[in-house]
Structures are given as C-alpha cells and as structure tokens.
Amino acid sequence: MTARADRGHGRASRVAVGALALGLLAALSWAVLSLPGSFDGLTGPALGRLSESGVTNPVTAVLLNYRAYDTLLELAVLLLAIAGVWALRRGDWPAGDLHGRPLVISLLRIALPLLTLTAGYLLWIGAFAPGGAFQGGAMLGAAALLALLSGRAVCARRHTGALRAGLVLGVLVFAGAAGGAAALTGEILRYPPGDADVWILGIEAAAIVSIGLTLGALYLGGRPGDRHA
Amino acid sequence: MPEASPTLYLLAGALLFAIGFHSLLVQPHVLRRVMALNVMGVGVFLLFAALAARTRGETPDPVPHAMVLTGIVVSVCATGLALALAHRLEAAEEEEREDESAGDGRQARAEHEETDR
Amino acid sequence: MIGPLVDLLLLLLIVLLAWRALNGRDLLRGVIEFIAMGLLVAVAWVRLRALDIALAEAAVGSGLTGALLLSALHRMRRREVRRRDRTDGGEG
Amino acid sequence: MSLTWAMALLVLAPLAAAALSFALPAIGRWLALATVAAVGSAVVRVAELVLGGGVQVHRVGGWSAPLGINLRADGLAVLMLAITAIVGGVVTLYTPAYLAANRSSPGQRQRFWSPFLLLWTALDALFLSSDIFNLYVTLELLALAAVTLVALVGKRPALEAAMRYLFVSLAASLLYLLGVGLVYGQYATLDLALLAERSATGGPTLWVAASVMSGGLLAKAALFPMHFWLPPAHANAPAPVSALLSSLVVKGSFYILLRLWFEGFSGLMTPAAAQLFGALGAAAILWGSLNALLAPRLKRLVAYSTVAQLGYLFLLVPLAAGPGDGFTAWSGGLIFLGAHACAKAAMFLSAGNMLHAAGNDRIRDLDGVTHVLPLSAFSFGLSGMSLVGLPPSGGFAGKWLLLRAAIARGQWWWVATLLVGSLLAAAYVIRVLLHAFTRVEAPARHRPVPRVMEWTALGLAALAAGLGFAASGSATLLRVGAPWPPAGVGRG
C-alpha cells in the first residue's frame, strides 16, 4: 500500500471510528434517558435482610454476604493478575539499602505503622460504615510498597515462599470458607446463622493481606529476582 | 448542598465511555489505550453509582456500589497485566533489534523460528 | 439551584480532563491529567453518596493506577534513552 | 455427592488448585491432575442429577435471586462443563511433555499451571452462573487468563497478539458491563430467569443494553467481522493454549449470547435479529474457510478454520428462534459445538506435534510427515473428518440436524451455506493431508515427539470422530432446560 493510500485509509477509518463513538454516545444517552423515573433497585431486600447479614454496612453485606460469590471470583482475578504479571516478566525489585538515609528510615518508621493501623481500622469499620477489606487492602498495599521500595524487597526476595503464601491467603481462606459453609449449612457461602459476623471478619482479614500484597507487587511489575541474573 | 442530580451523572458516564472507546480505537500508544480503557471503566462505574443514587429512600442502593468496587479492582488488575505485557513486548522488540544489529544472522534466524511455536 | 451547578461543573471538568488525558500531545501530561481526573471522580462518588467507592477510587482507581502508569512511562522513557545512546555510540 | 458439593467442586477445586500451585509452583502439575479427578467426578454427578431430576438450581449463600446469585445447571451447562473437563484433562496431560520437549525452563513450566487452572475456574463458573454481573466477573477472569497463557512462553509475535487480544477483550468486557448496568437500571435484577419474566416488554433501554452486550460478546466470540484478533493469537500461542482458546474460550462468550437471546432477552428475538446472526455466521464460514485455504502455515490454517467453524454455531440462531420446533437446530448446533471443541483441540495438538517435529509449520514443508509422525497425521485427518462433517463424526451429526432444521423451515439459503462450507473445509483439510502423505525420497531430519503428545491428540480426535454415535444421548441431555417444551407437548 502506498503512503498516500495509507493516509487516505487512515482518514476514512478515523471518520468511521468517530461516527461509531458518536453513535454509541447517542444510543447510550437515549437508553439512560429512557430509564424508568423511579427506581429502588434492590435497596428494599438489601436493607430488609441486613440484620441477617452479620454487618450493618449494606455495601459490605452485599460484598461479603449476599453476593460474596462475586467477591470470591474477584479475589481470583487478583491472584490471576499477580500470577500473570509474574509469569510475564521479572520485576524491578529494588535492591535498596537504606544505610545512610536516616531521614527515609525515620519517615518509614512513622508511615508504615500508621498505614497498617489505618488499614486495620478500615477493615474493622467496614462492618458498620464505609470501609472494608478493599479500601484497607489499598492502604496495606501502599504500606507494602513503601516497605518494598525501601529495601525490604531484598528480604521479600529471600522469602518468596512467605510472600507467595501471603498472596494466595485470601483466595484460599475464602474458598475454604465457601466449602466449609457448604459442609455446615448445605449451601455454598451460607454462613452458620448467628456467626456471619465472625466468618466475614475472618475472610476479610485474610483477604486484606492478599489484596495489600497483590497491589504492592503489581506495582513492582514482575516476579522477584535480580533483573540481570 | 442539595442532592446530586443522577441524570447528569448518567449522561456523563455515557460520554466518558464514548470518549474512552474512541481513544482506544484511534490512539496508537499503549499507555493511552490503557488509560482509555480506564476512562471507559469510570464511565460505566458512574452509570452504576448514578443508578444507585436514584432511589427514593435515604440510603442509595448498595448493590451497584458493591459491583463498582468489584469493577474497580478488576480494572486495576487488568491495568497491571496490560502494562507488564507492554514491558515484556518492548523487551522482546529490543532483543530482536539487538540480534539484528549484532549481525549474527544465525541467532536471529533461530529466534525467528522460535516465534512460530 | 447550586447543587446541579456544582455537579455540572464537576462533570465538565472530569470529561475535559479525560479528553485531554487521552488526546493531548504530551504523554506525561496526559498521565497526570488522568490522575487528576481520578481524584475528581472520587469527589463525584461523594456527591453520589457512595463513600465506599470514593475511598477505593482514591486509593486504587486513581492512586495505584496512576502510580502504575507513571512508573510504566518512566521505564519506557528510560528504555528509549538507552536505545538512543546505543544507536548513537554503538554503530561504527 | 450432593448438588452443593458437585457445584462447589466444579468452581472451588480448580480455584484452590490455582492458588496452591502459585504458592507451591513445584507441584503445579500434580495439583492439576487432582483437579481433573475432582472436576471430572463432579461433572458426572451433575450430569446424573440433571438427567434424573431436571434443571438444578443452587442458591449461593442461601439468598436467592434477585438479592443473591443463583447457580444453574441444565443440559446445555452440563455439556459445556463436560467438554471443559475433557479438553482441560487432555491439556493437563499434554502440556508437561510439550513444554519439556520445547526446552522451556523449569520456571516457565511451573508458571503455566496457575493461569491454566484459573482459566478452568472461570469456564466452570461461567457455565454455572445465571447472574449477568457474575458472568461479567467470569468473563474478565477468562480473558485475563487466556491473555496470560498466550504470552507465557511467547516471542514477539505471540506477545503482540496477546496485547491486541487483551485490548479487544477488555473493551468487550466493558461493553458487556455497560449493558448489565442498563439492564439493572431498568429491571432491578441481574438474574437471567427473572429477566426473562420481566423483560417481556422491551424498550429503548433494553434494546441498547442488548446491543452493547451482544457487541462485546460477539467480539469476544470472534464472529466475523470481529474475528481479526483471533488468528494471530491462536496461531502464535503454545499448542496446548491454542487448543484451549479455540475449543473452549471463544465458546464461553457464545454460551452467554445463547443465554441472553434465548432466555434473558428472549422477548427481543425478532426474525430480523435472528437472520442477522445467521448472516454473520455465514460470512464467517466463507471468509474463515477461504483464509484457511490460503494460509501458508498450519497453525494459521487451523486458527482460520476456527473462525469458520464459529460461524456454524451462529446458524443455530435463525434456525432455532421463532415459532415452531427450534430444538432440532438447537441440539444440532450444540452437538456441533461439542464436536468442534474436541476436533479443534485435537487439531491444534497434532499441529503442535508436527510443528515440533519439523521445526516449523509451513504447510509445504510437511511433505512426508506421516513417515515420522503417523499418529499425529492420523489425528489431524480424523479431526478434519469432523470439521468437514463426515459420518459418524460429531460434526456430521450436528450439521445433519442443522440441515434438517433448515429444510423444515424452508430456509434454503442456510442449506447452501452449510454445503459450501463443508466443501471448503474438505478442501483445506485435504490440502494439509496431501502434503503430509506425500512420499518423499529422504524425509528431512525431525525432532522426536514424546509419545503422550501423540496419544492425547489421537484420543480427542477419536472422540470427535465418534461423537455422532452419542448424538441421541446428547440430545436427551440438551432437552433438559432447553427453551422449548418436549415435542408433542403443548403444541396443537
């Protein structure tokens, strides 16, 4: 194909793509403007059965009880992300050494416990108010990242077994809870009546560790190891 | 401040989705495309949350909120994977160029055969 | 009357930043605009009474995604520089 | 085993195995073998329950739809689960030998298992789910796993293909999710069965939702003209991964399309929509077959053949939709799907064997490959027989039923499409076999192929070739939960 034909082709396809996007926009606008005027969705049942769910924050009730099965598969997506990224390449795990950088060290001494505490708080508060394993996991991810960036990566690299265990903990505990609940109540992820709060907290505690580590490790973009090895 | 008007957010969601979709198709750079996917995602999430805000009661519908939280995590995972793949692809292209410029045709040929597996 | 105006302004800004992030000239600027958009979207979640999402968006959606994009861009530029160095000095 | 345990095993066994194989990479292969056993027995149990007691529903968490998520197993779901278990099991046996023979590093060999098992999790979860948002999560899991596997040991072409595949897949998933949001906004439910009740009256929102969801799913199912991403991805992936992609992954999206158009949104299925699906299918058959005929390389030929064969699946839509007996075409299309899954996996595996032996897969370099790899050449021919549709293969049984449906409905244009497609398939299969069976003076030097790689391919090919014998059994299974009442009931 000649350069000019290529350009002509490019312009034609640009116009086509623009028309496609505009058509999509028109269709979507039409669709949302035709939605029924009043809408309660599933608010009624979701709030009505909140007392059976083990938590009082309705979003947490959906995530870890009514639709906990979605969340289990979501943790599978997280596992896949890290398994995929680690399969694709070695990461740029810093071999950092903080000797001689006292300021960074003292900053970390404050930041790490603070972030971890916030994560724990978010996990706990998630049962009654906005917050929960994912938001807490993000905090923990930030903490993990700071720790790794500050040279703990060397340590993590030596203990990849522990790191891997931490990464899969959430899925394993969640899947175990799904199976355990099936054994106790006859239905997958149906928690024993009255104990839902404990089960949810247990699942979330395991999940938050895996979420935090996964997010931190995603940032490093590859499996641990020396890049030039 | 009075309540937000969900219809505005629904329309903005549609607009963001269309903008992202357009850029995904026309932008060549991988980072732009990844951002375009994320913008499409934000559009969808706005739509979900605006739906949730249309309820008549005090509390918005928690089900779309939970779905958006799931969606956000999935988006981040996809982004992480896409960027890792992009790096791997760049490294592979770099290796290929190095092999070619090394002038060692033998190695380049061997490399080429591997690719067809 | 003030409510819809705030919403309109917020959404206009979000759309504008999204458009510029995706179609601007400079990539680094685009990534920064993308992150800024994410922060404004977190405000939108608050307006929609979705505090759970706001927390997650600020931390994950905008925060981690932004960090991922920035570090990817950094690595790409480094590779670009390395390649240019090599082609300048290597051939001969 | 109760229904609960069978369903739990189908999803949780591969999921737990995936997690464990990530934590303990050295035993990944054994975990996969354990998964084969667990999932295999669970599929058998679910099949028994469905055949004995009709459609099986499990309410996860004890909540029921619309608040909770329902899992549902009918004949169609069981068929898909069974195919997944068979192909997954064969890939589990084939891959270690394949990776070792291709001198992959121990690390590469270990890193296969976790994404593979997550792919399996996603497929099982997809086939069981009756909740459109849950289906979105399974679609994403499926897509990301598939992309990872394509890129796993890949060089540049594989990585490029994986990248394109990733973007298409993610955009398609978001289109689907957008539609899910619109549907929820209109009907306040995500459950397919409830949607079927509530969506009888359509409207602009439902139309747009159905369009964007279908658009995304058609792109994922690689229906012409959105097939462009498939040939490079399927041709450049490692052979066992190509087998998984062509036989299972694209069918996941097709499956959701069927669930939407014949159950959730059945009110929308107008004759025009049905004919449109059929027309795209017919175009896919012609375009894919022609490209397969012209492909210079074996794996590309097999990949284009997938584009064509996916077209047949969509012929099911116009022949099954609307008033009158739809079950003939329904069962025909789905038996064809099962046959194609086995045949295409067998074909990719045997193509992988020939490629491994010869060092490349240019079709003109395959001369005399039967001397070295008689079994693989035979498997290729046997699976080709099913693709062409010769008796007693499953491909024959499926096409025969589709043909009967087309004649019964007087839609002769699909008859012509079926016949032309079969002739073209025969042409591209024979083209390969002619080269393979050419007598050459001194066959080129070949690398040895581990025996397990040949026998697994042969097993699948034999299954595809003999599936015609199981056609009536399959129809009995597919009858359970099919969207038509049994023949002679309720119709005057």
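The letters A, B, C and D name the chains in turn, as written, and every chain counts its residues from 1.
The working rule: a residue touches a chain if its C-beta (ideal position, glycine included) is under 8 Å from a C-beta of that chain, and two chains touch if they have at least 3 such contacts.
In this text, all values refer to a predicted model and were calculated from it rather than measured experimentally.
Across A-D and B-C, the chain pair carrying more C-beta contacts is A-D.
Centre-to-centre separation between subunit A and subunit D, using Cα means, comes to 29 Å.
Chain centres here are Cα means. That of subunit B falls 12 Å from that of subunit C. The mean-CA centres of subunit A and subunit C are about 19 angstrom from one another, to the nearest whole unit. As a whole-number value, the distance joining the C-alpha centres of subunit A and subunit B reads 15 Å. Across the assembly, subunit B contributes 15, 17, 19, 21, 47, 51-52, 54, 60, 63-65, 67, 69-70, 72-74, 76-78, 80-81, 83, 85-88 as residues in contact with two or more other chains.
In subunit D, the positions touching at least two other chains are 133, 137, 140, 144, 147-148, 151, 178, 182, 184-185. Under the contact definition stated at the top, the residues of subunit A that touch 2 or more other chains are 24, 28, 31-32, 35, 39-42, 46, 59, 66-67, 70, 74, 77, 80-81, 84, 88, 134, 215, 218-219, 221.
Touching pairs of chains, sorted by label, consist of A-B, A-C, A-D, B-C, B-D. The touching residues of subunit A, counted against subunit C in their complex, run 57, 59, 92, 122, 130-132, 134-135, 138-139, 141-142, 215, 218-219, 221. Residues of subunit B touching subunit A in their complex: 7, 10-11, 13-15, 17-19, 21-22, 25-26, 47, 51-52, 54-57, 59-67, 69-70, 72-74, 76-78, 80-81, 83-85, 87-88, 91. On the side of subunit A, the complex with subunit D involves touching residues 24, 27-28, 30-32, 34-36, 39-42, 45-46, 49, 65-70, 72-74, 76-77, 79-84, 86-88, 161, 164-165, 167-168, 171-172, 175-176, 178-179, 182, 185-191. Per the touch definition, subunit D reaches subunit B in the complex via residues 102, 133, 137, 140, 144, 147-148, 151, 153-160, 162-163, 166-167, 170-171, 174, 177-178, 181-182, 184-185, 236, 238-239, 297, 299, 355, 359-361. Chain contact summary for the complex, subunit C toward subunit A: residues 51-52, 54-56, 59-60, 63-64, 67-68, 71-72, 75.
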